[in-house]
Structure formats: structure tokens, C-alpha cells
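Both complexes below contain chain A, partnered by chain B and then by chain C.
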Partner chain A sequence: MAYILQRVAFSALSLFVLVFITFLLSHVVPGDPAIAAAGPNAGAEKIAALRTEMGLDEPFVTQFLIYCGNILQGDLGTSWFTHQPILDDLLRELPPSLELVVIAMVINLAISLPVGLLTARYNGTTFDDIVRLFAMAGAGLPIFWTAILLQQSFAADWQLFPVAGRIGFEYRAFEGITGFYLLDSILRGRPDVFFDVLSHLILPAFALSLLFTAVGVRITRTSMIGEFRKDYVTLARAKGAGEGRIMFRHVFPNGATPSLTVFGMQFGWMLGATVLVEEIFGRPGIGRYAVKAVTQSDIHGVVAVVFVVGLVFLLANLAVDMTLYALSPRKRAEG
Partner chain B sequence: MGNLTSYPKGALEWAAIFLAVAILIMALFGGWFTPYDPLQIDFRGKLQPPSGEHWLGTDGSGRDVLSRLMAGAQLTILSTLVVIAVVLVIGCAIGITSAFVGGWLDNLLMRLADIWLGFPPLILALGFAAALGSSLEAAIWALIFSWWPNYARLSRMITNDILSEPFVAGATALGVPTWRKVVFYVIPNAFDVLIIQVTLDISAVMLAISGLSFIGVGAQIPAPEWGAMIAGGRAHAGSAWWVVMVPGLAIFVTALAFNIIGDMLRRELDPTTRRRA
Partner chain C sequence: MKTVTAARILGVSVSMLALVGAMPVQAAPSGVLVIAENETPENLDPANAVNSTVNQLLVGVYNTLVQFPAGKTAVEPQLATDWDISEDGKTYTFTLRDDVTFHDGSPLTAADVVFTLDRLQAASAAVMNDMGPYAGADAVDDTTVKLTLDAPFGPFISALSRIYIVSKAMVEPHMGDDNARGWLAVNDAGSGPYQVNSYAPTEAVSLTAYDNYWGGWDGDHVAEVLFRYVSEPSTQMALLRSGEVHIAPDITVEDKQSLMDTEGFAVDIGAAATPLFFQFNTASEGPTGDPAFRKMLAQTFDRQLHLDIVLAGFGTLPDGPLPPDWMGHVSGTELPFDLDAARAMVEENGWDGTELTVRYLPGIQEETSAVEQLQSNLSQLGITLNAEGMTWPAQAATVTDVATTSDINMIYNFPTFPDPHAILNTTFNSANSGANGGYNWAQYSNPEVDALLNEAASESDPAKRAELYGQVQELIGQDHVVITVSLPGSVVAMSDKVKGYIYNAAHHQTFNYWNISVN
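Then we have the complex of A and B:
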């Protein structure tokens, strides 16, 4: 229990730092936030009114407290280019991004875990060398470049996948329930919509996952190698357990646990990296929202995305920690 | 610190070292030897495929891609090196101070570094660069702002290890001043681990800088920064492959070369593998 409390306390502390950083980004770094908030075409009167309204005549600490209060009430400001409350915008844009990240994570895990296990088992062979080279190459691929190349070849030239968008034109009338179209299409019993949405997800998810998979394979390999060297593996071999049983029944569950922490962190990083992918594939989402906000010099829109990604990141890490706690008898006994 | 030249290397490692040196030379001096002006617009000569006249073709505004690539190396790679150099100095200053002072300051700084390390660096840098007003300088500041905890954590860990060695206790008894301990004990011992981290970070920081420029918060479009070149060439990706392919390959090859060197250094210098041998 002490362990859980400690993790929750750390997350709360991180949340406070996150709020402070976004406060600095929106109120302190850009110079006069009233000019920033009023927009590019505001007059002097509007700016002066805004200054009072935003409490900029107040001392620094009071301003920060007002900011915290606003965030607690879900007030992230108003966007200049959609003229909507930013919170509403983000709630609409978050499901498509999460959908993309989940599929990218599935691709990542489906490659990282088995390949990591096999390279650990065949450590030092040519197979290991080839995978290592691929991992180094993957870690050097610019996500946005891969995305453009995949789109150009698989979608535009060979027409295997749709070029852009989230759902096909013929399904444009499809109404979601949750905003997650994959889930919605199952709930509504529409396999045709499901596969259409999935085909729109494959290329962007693959482009997004490559860099993270390269890291994932190496992390998994390292922790699996450590596991293969442990005494219980020698014991299992001595007792005559088959290599398959040792690999999948003994080494895999133990070796996969530490890498779960890394995959948890990757979830948040991937959500951040959607800024490099969604715009290219013309998908709605917080990444494209952030890029639009940048081009419109809408600092509050950008900062809100920073906040939401940070928040999802904290929650994902907390969830992974809880899962590891539930899975590990040793941690439960200690804590 | 071992003799860097004595390690056995394969053809791959040699190729990576050769490439890395060539790329660094291009980043330092390439801007002076471009065959054309990298910003010279020529609408009548736009989107020409690679030829004897334009080795890597021309882009959508008729600018020579090879010239832009050479001039851009300076922007992309030197900014990367600036970020890493500053982060290395600041991070190590924080980490070493933290380890020497200890107590609540150590606790505070390392908690802060842990929290910071948590947030995705790209998105943190995006926020910071947007707040500063989009430019290459903003992107550089933004990355410094988000990258320091890596080095603070690493240098604090190494310093703590060294401070727990018996010879340091002996030195303290003999009255060796703190600055001598930092210069003669900590820095030489930290060198190996830091050089590995720096080499591996070059590709990560470079991808971040070019990514920020691609989104539009880094170098702005006519500038030949490699990420900005890809952003500018995107519209022509279908009709003129070289406009997107060339700067992307440049980023990829540079990142790969430094990753291979970093991987080699890790296998040869990493104290955990070396002690075992």
C-alpha cells in the first residue's frame, strides 16, 4: 500500500509541476499575455480590459492560483481559430489521437516483445546483429519523413490504403457514440465501417510506431538477456525443461515486466509525436490541433495540448505502475 | 578512459566513423562551397530532376537542392551540437552539485529531474518554442529546456559512485579541496559514460530539431534546415521524389552513423560490460 501511495503522491507532484510549466508557457514566457490572449487584431482598449479580467495586475502568486482554479474548473481558455472553449476542442480531438496511439502501440508490442525475446535467446548470432542494425536504423528515422514516404508509396502510388482522413467518404454520415470509431463501429454492428476506419489507421500508426519499436526491441532484449542468465533458468534446464517452455513460460513473463514501464512511457511520447503524423495524413486529433494552433500563433491552444499530453502521460505511467504492482507478489509483500 | 583507437571495429563501424567525420566537415565548411546560392529562387527552373547541372535537382521554387543540403547541414547539425553542449554543461553542473551537496537540495533537484524526464521532450519543446515565438533559436532553447535532466541524473549517479570509493575518503582526510575532486576524480571517471550518452543523443536531438522545424516552430521555411526542407517539399513528394527524399536521407544517414558509433562506444566503454570482462 505504501508503494501505491508513494506513486500517487509522485504523480500529484508531477501534475503540480506540469501546471506550473504550462502557466509559465502561457503567462510568463510570451511577454504580455494580454496581448497574446487578445489576438493579433485587438485594440488597446480590449487589451487593457483583458489585463484586468485576466488578473495580470495581481501579484505573480495570485495569478498562478487563479490559473490553477481555472484549470480545476476545466477552463483552458478560448481558441482563436475555432472560437470554441479549448476544452471542448480537445475533448473532440482526443479520441482520434488515442485511437491512433493505441493501434501504434499494438504494432509496437507485437514486434518488440517477440523480436526482443528471440534476439535475447540467440544473443550474439547473425540474427541478433541484423536486428541490432535494424533497430539502430529505426532509431534514426525521422517520423514525419517516414510518414510522407509511406503515404506516397502505399497510398498514392500503389493505392493499398487510403491517402488521408479518418473515415471513408461513403461513411461520412457515420455517427459515433464514444468518438472512438473502431469501438463505435463494433457497438453499432458495422464491420464495413470497422475495416474502413482500420485501413485509415494502418499507415499513420505504422509511421508513428517505427521509432518507438526500435527502442522497444532493444529494451526488451536487454531485460530478457538478464533473465536468461538467472539461476532459475539453469535449474529449469537441469530439470530437463524444453527450450520452448523456458522461453515462453519462464523467461518471457519475467523479462517483459520491466519493459512494461518503458512501454507505458512510450504511450505518452507517442501521443506527443502525433504532431508529426496527423497533419500529414489529414487526420483530426490533438497533434494536428497543436500544429494548427502554432501556425495561428494561438499559444493557449498549444499549451493546452502540452497539458493534456502531460496528463495522459502521468495517468498511463500510474496505470502501468498499478498493473506491475498487481502482477508482482514481491512488490505486494514489500509494500 | 581507454585508448579509443585500439578497439576492433568492423567495416560498418569504419563506414559510420567516416560518414560522421564527413558530415561534421560539411556542417562546418559546407556553407562556403555551395555550387549555387541556397536561397536563389528561379521559377523557370523549378522541380528539375537531378542532372549534371543540379546534382540533386531543384525544389518547388527552383532552388538548388544540393546547395540547400550543404548550407542546411550547418543549421541542423550545429544546432544539435549546441543543444547537446549546453545541456551537457548545465546538466552535469546540476548533477555534480546535487551529489556533492546532498541533503534536501539533492532530493529537490533529482525529484524535479525525475518529473521533467517524465514529460515527452518533443511536446514540452513544442510548447516552449511556440511560447518564445517560432524560430530556430526558439527551438534550440526549447530543447535545452527539456533535455537537461538526462545529464543531471547521469552525472549525479556517476558522482555518487565515485564519492563512495575509499580513495575519495582518503583524499578528504588529506584535505583535497572539492574543485580538485571534481576536476581530477569525477570528470575523468564520468567521461566514458557521458561520451556514450552524447553520441546516442545526437540523433535524438537532431530528429527533434528537424521535427520542430517540420511542424513550423523551428527554422522557418526558406531556411535550408533539413526538416524545414521536407516541410517545403511535401507538396511535391508525388511528382519530384528528390525534394523530400534528399533531406530526409541526410537526416537518416547522419542519425544512423552516430547511432552506430554510439552503440560501438557503449559495447567497448560501458563500465558494466567492461568490469565483467
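Then we have the complex of A and C:
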């Protein structure tokens, strides 16, 4: 229990530091939100008046404290460019991005774990060499480049998948409930919509996951190799246990632990990287929202996006920690 | 959006109308027009209509008192049937149509016009920046509205082409403490031919035909207009090829060229009036503060080469800051490209070895190419040009102080209406210097120019104004304030199913979707 509390407290502190740094950076980065808000040919007077109205005249520390006070009350402020509560904006933009990340993560795990395990088992064989070569190449591929390549071949040329968007033209009037269209289509009993939404997710999710999968395979392979060399494996073999049993019953649960920590972090990194595929596949989401906020010098919008992405990152890590805690008798004993 | 259910019911009724429309007898709007756009809109608020991404949605959702039809440089009546300007040029009296209804069915009256302007003023709206000495509005009766100015203002009638009239009855209950900015950001209160059906600003915006539009629906029109936000040029191109979008304005120049000769596509080249400038820091302590040095610089850029290669010929060769076909344009005020003359000046004055900095937006291909050409030409003269690519907010922040303004800045001018005031006053009046938050990033201050610009603004006689703007162009030419790099054309690629698109210089980067049909 103390362990859990400690993790939660540490996460909260990390979030505070993150918000502070982002807030600081937003103020240091050149750009005057009042000029952006005033529009062309505004004149010095109007800009000055807007600066006061937007609270930009206050000293930095005062602005930060006011902001923190608002956040604690669950108020992320009103955007200077959408004129909507930022929380509402993010609740609209987050589901499509999370949906993308979840699918990308499923692809990532479905490839990384089995391939990592098998390459560890057949360590040093030609199979291992080929996979390592691909993993090395994959880790070096920029996401936006992979995305364009996949889109132009699989979608534009071969027409196996939609080119862009989140949902097909014929379903554009589909009304969500939660904003997660995969879930919503099931809730509304619309399998046609479900498969349409899924087909729109495959290429972007694959493009997003590729780089992370390459890392995932390598991490999993390394930790599994370590496990295969341990005494209990030799003992199990000596006792005549089958290779399948050794791999899946013994090595996999033990060796997956270090990879799990990495996958937890990858979830957060992916959310931060969605902008690359969102722009190319013309998908809505938090990445595109963030880009707009940055170009409009919307400090509160930018900080809120970083806050939310940071929150998801920490929650994913917390979830991993909890899982490991639940799985590991040693940690439970220490706890 | 608010009434999603109502909108869906409307969608159904529209598609039923579409079926009826298939018979040749009746001409109800039918079909869907899909337009790709690379930038996502900020909001739907008419207060923000100076922004083209916002304006392209609103231009058919709202009406204005007067409007520039595509291809025209003079306004024509829209909501106003006629108007009268007082002797002293300070009072404009408009007579309104009496058959206009807003999208909620309520009639439009003078009270709505007054409410619109009062709200925009209270909200410090960006569209009010171009309204000059506007003072206030009064409703004389239901169909007569009087607008007053503190001083005569020549471009006033033109500036009204961005003042979209909102329904008082719809907006007033939502005024709150933000002058209804939050409500109008996601709702429509207009009287135009189309109404907002759904608004998902990072994904798509759907507009549907308003059945009771006062202008009627004679001829061929679409039932729905869908704007899809697709930032990647190659994605727009793929969508255009697959038929998923009908209009793709943001594909690469190379793709536009190739589509010109491709069956099934059309490429429209509109004569845009959005000059791109190299602005020299005239207030600098450094070399660009010296008019002689600027005279040398002014001769180092080959506009024709830029037009031929970078713009692939899509554009107009600039001749001074104003588009050549505009009122008051004077030819030959800027020095032509002459690298030998520049070299002679460099040798004579020992400017060899000078280092300069130019700031620009590297995300814009045209700016990057222009900077590279200038760099290459200047290096032939022994002058080093350091190129600093920036984001727009960062670049705008550097010019708020003369000391941090670089020697040269690249910037486009997007006039909100086709009047010399919109380009010359914005770029050369010292009241609009970068230090004052404006787009005169040359920090140019010439009292004679300021006086002429102010006189021209308060003059209502077009001939007199033209003459004054002519003098302005001569003076800024003599001071070598800018190089007008280009007047890029507005090149829009589309499916050949699209009929009726016409470029409108008064509403750059918008589409006259209410007059477009899709076969």
C-alpha cells in the first residue's frame, strides 16, 4: 500500500513540474498572444488593451499561480482562439488520438512479444539475424515518412485502405456517444461503422507503431535471452519439461516484466507523436489541436495539451507499476 | 453543434429533395461538394472573419450589407438595396431588403445590423481593425440603418464586405461576459444561402443549403458543402485523384502543373492580390538604415526568374507593391533587377563583406526559394545573407522592437478588400509599424507618406485617392523600403465535375460554394 501511495505522490509531483516547465517555456518562446488575438492592423492601443484583458500584464509567477489554482478546480481555462473551454476541446480531441494509440499499441504488442520471445529462443540463428536487421531498420524510420509511404501505396495506389480521415464519407453523420468511434459503433449496434472506422485506423496505427515495435522487439528479445540463461530454465530442461512449456509458462512471464515498463512509457510517447500521423492522414486529434494552439500562441491551450499527454503518460506508467506489483511476489513482500 | 437531430432530419429532407431534383423540372440543391483545406479553423465567429480559414466557411453562411462579387473591385448591394453618403462623408444611410430571414426563420431588420456592429466593437473584434474611424450605428426604422464615422474614410464601404450580420434574437441570449464569443465560435446566426450543419474543427465542417434563402435557388447548387481538413499536400492530391474531394487548393505546384494536362481535372488560376515582400529594416542602425545601401539591395532580386521557376508561371509579375490592375497603380516605382548596377555600388562603397540577416517562414516553399535566390545573388556581390527560418508568432515577436528587427523580413500582405489602402496603409504607414503591432516590418516612418496615406483614407473621390496613392508609391520607391517579390496567382486544382468556381480577390482563399455545382 505504501508503495502505491508513493508512486501516486511521485506522479503528481512529476505532473506539477511538467506543467511548470511548459508554462515557463511558453512564456520564454517568442510570440505575443495579444498580437495574434488582435488580428491584422489592430494598432498598439488595441493590442495593449487585449494584453491586459488576457492577464498577460501580470508577472509570470502570478500568472502561474492563478493557472495552478484554476487547474486544481478542474478548470483548464478558455482557449484564446477557439473561445471554448479548453477541457471541452480536449474531451473532443482526445478520444480519436487515444483510439489511434490503443490500436497502435495492440499492433506493437502483438508483434513485439511473440517475435521477441522467438528470437530469444532461436538466438544466433538466421531467423534472429533477419529480425534484428528489420528491427534496426524499423527503429531508424521516421514516422511521417513511413506514414506517407504506407498511404501512397496501400491507400492511394492499391486502394486497400482509405486514404485519409477517421470515418467514411457515407457515415459522416454518425453520432458518437463517448467519442471513441470503435466503442460507439458497438454501443449503437453498427458493425458496418465499426469496420469502416477500423479500416481508417489500420494504416495510421501501423505507421505510428512501427518505430515503437522495432524497439519493443529488441527490448523483449534482450530480456528473454537473459531469462533463457537462468538456472531455473536449465533445471526445467533437466526435469524434462517441453520447450513450449518452458517458453510460455516460465520464461515469458518472467522476461516480459522489463518490457512491460518500456511499453508503458511507449504508450505516452505514442500519444505525443500522434500529430505526425494525424497531419498526414487528415485525422482529428490532440496533435493537430496542439499544433494550432502553438501557432496561435495560445499558452493555456499548449499547457493543457502537455498536461493531458503527461497525465496519460503517468497513468500508463502507474498502471504498469500496479500490474508488476500485483504480479511480483517480491515487490508485494517489500511493499 | 447544437441541433444535431434537427440537422439530421434536414439532411434527410435535403436528400429527398435531391431525388426530386434529379428530375429536370425542379432545381433544388443536390449533391455534395467536398473541399480540402490545409489549415484547421479557429472558430466560426464573424468577429474573426479576417482569417481566411474562418472566412471561407462564413462567406456563404452570413450576408453583408454590400459585397464584392468575384472578379470585381467595386462593391455591389447584398442586404442593402442602396445607400447614401452624407455631404461631409461621415454618415452612411443604408436601405435594407425586407425579404431576408435568418436561419431560424426570423426576419432581418436594421436592429440586427446595429446589434452586430455594437457586439463586434464590444468584443474588440479583429474585423473592426479595418473600419477606420467608425463611430456607431443607429436603426432609423426596420429597413433603414445609419452608420456614422468620426471622420470621412474612403475605404469604409469596402470594409463592410467583412461585417457579417448576425441575428440579434439568436445571439443576444448568449452574450454572457464574453460578448457571445464562445457561442458564436461554434454556432451560426446568419442569413446566407448555407447553414452550419456540423462543426468538428480538426476534422470537417458541414454546411447545408438553407431552404428559405432570400436569394432563391434557381440554377444548379449543391445541397451540402463539406470542408475536410487535410494538411499534407500529398494526401490532398490522393483524395482528389480518388474523387473523395472535389477541390484541392493546397497540392504542390508540380502536381498542379501535371493536373493541367490530366483528363478529369481542371486547374483555375485566379489573379490574386497578395504581394510577397522583402521588407528592409529602414530604422536599423545597421546597413539597411542607409537608403543608398537599400538602393543596392533593391536591385538584387530577379522577380521574373522567381515567377517562371518557383511559381511555375502561376502569377503576375509585380510592378511595385500594388497589383497592376488596381486603382492608383503607378508603374516603375521599384528598381528592376540589375546585379551589375548593384555590384558597382558595392565596389564604390566598400560594402564587400557585409553580413545581413533575413527572417522568413521556412514552411512556405515560395519564401524559402526566394530567400535562396537572394542569398545566392548577394553572395556574388560578397555579401553574406544569413537566413533564419522561424514560426509566424516568433517572427512577429521580433519586429515589435526596432532593435530586434532583422535587416530583412519576408512577409505576405493579405488585403481584406481590393483597395490600395489595404496594402499601402498596412505596409507603409508608421502607425502600423512592427513596433506598433502592425505589418510595416520595415519600421518605415516617412511623415510625408503618412500624411498622404491619411489624406487618401479620408478622401471619398476615387480619382483624388488614386492620385494620392500614386504619390505614395513614388515616395516609397525612392526610399527603397521593400522588394515586391511576387504576386502569386491563386491556383486551385479541382475535379472537372466542379462547375461555377470563380476566384474572388476580396475573399482570398475562399470558394463561392453557393454558386458551384457538382455533376
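In this text, the second predicted complex is superposed on the first by the 286 of 335 C-alpha atoms of A that agree within 3 Å, B and C clash if a C-alpha of one lies under 4 Å from a C-alpha of the other, contacts with A are read in each partner's own complex, and residues count from 1 in each chain.
Everything below uses one rule, namely that contacts are C-beta pairs under 8 Å (C-beta built on N, C-alpha and C of every residue); 3 or more make two chains touch, one makes a residue touch a chain.
Keep in mind the model is a prediction, meaning the values are calculated, not measured.
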item	value
Chain B versus chain C as contact partner of A:155, first or second or both or neither	second
Touched partner set for A:42, first chain B, second chain C, both or neither	second
Touched partner set for A:137, first chain B, second chain C, both or neither	first
First, second, both or neither for A:239, with chain B first and chain C second	neither
First, second, both or neither for A:282, with chain B first and chain C second	second
Partner chain in contact with A:305 - chain B first, chain C second, else both or neither	first
Chain B versus chain C as contact partner of A:163, first or second or both or neither	second
Touched partner set for A:295, first chain B, second chain C, both or neither	both
Chain B versus chain C as contact partner of A:172, first or second or both or neither	second
Common interface residues of chain A - those touching chain B in one complex and chain C in the other	29-30, 148, 151-152, 156, 279-280, 294-295
Complex interface listing, chain C residues touching chain A	4, 8, 11, 34, 40, 42-43, 45, 48, 50-51, 124-127, 129-130, 178, 181-182, 185-186, 198, 200-204, 206, 226, 228-232, 234-235, 238-239, 241-242, 244, 391-394, 396-398, 400, 414, 416, 425-426, 431-432, 435-439
Complex contact set, residues of chain A against chain C	29-32, 35-44, 46-47, 49-50, 53, 78, 81-84, 92-93, 96, 148, 151-152, 155-156, 159, 163-166, 169, 172-173, 175, 278-285, 288-289, 292, 294-297
In the complex, chain A residues that touch chain B	10, 13-14, 17-18, 21-22, 25-26, 29-30, 132-133, 136-137, 139-145, 148-149, 151-152, 156-157, 211, 265, 268-269, 271-273, 275-276, 279-280, 290-291, 293-295, 299, 302-303, 305-306, 309-310, 313-314, 317
Interface residues, chain B side, partner chain A - complex	12, 111-112, 114-116, 118-120, 122-124, 126-128, 130-134, 203-204, 207, 210-211, 214-217, 227, 230, 234, 237-238, 241, 244-245, 248, 251-256, 258-260, 263
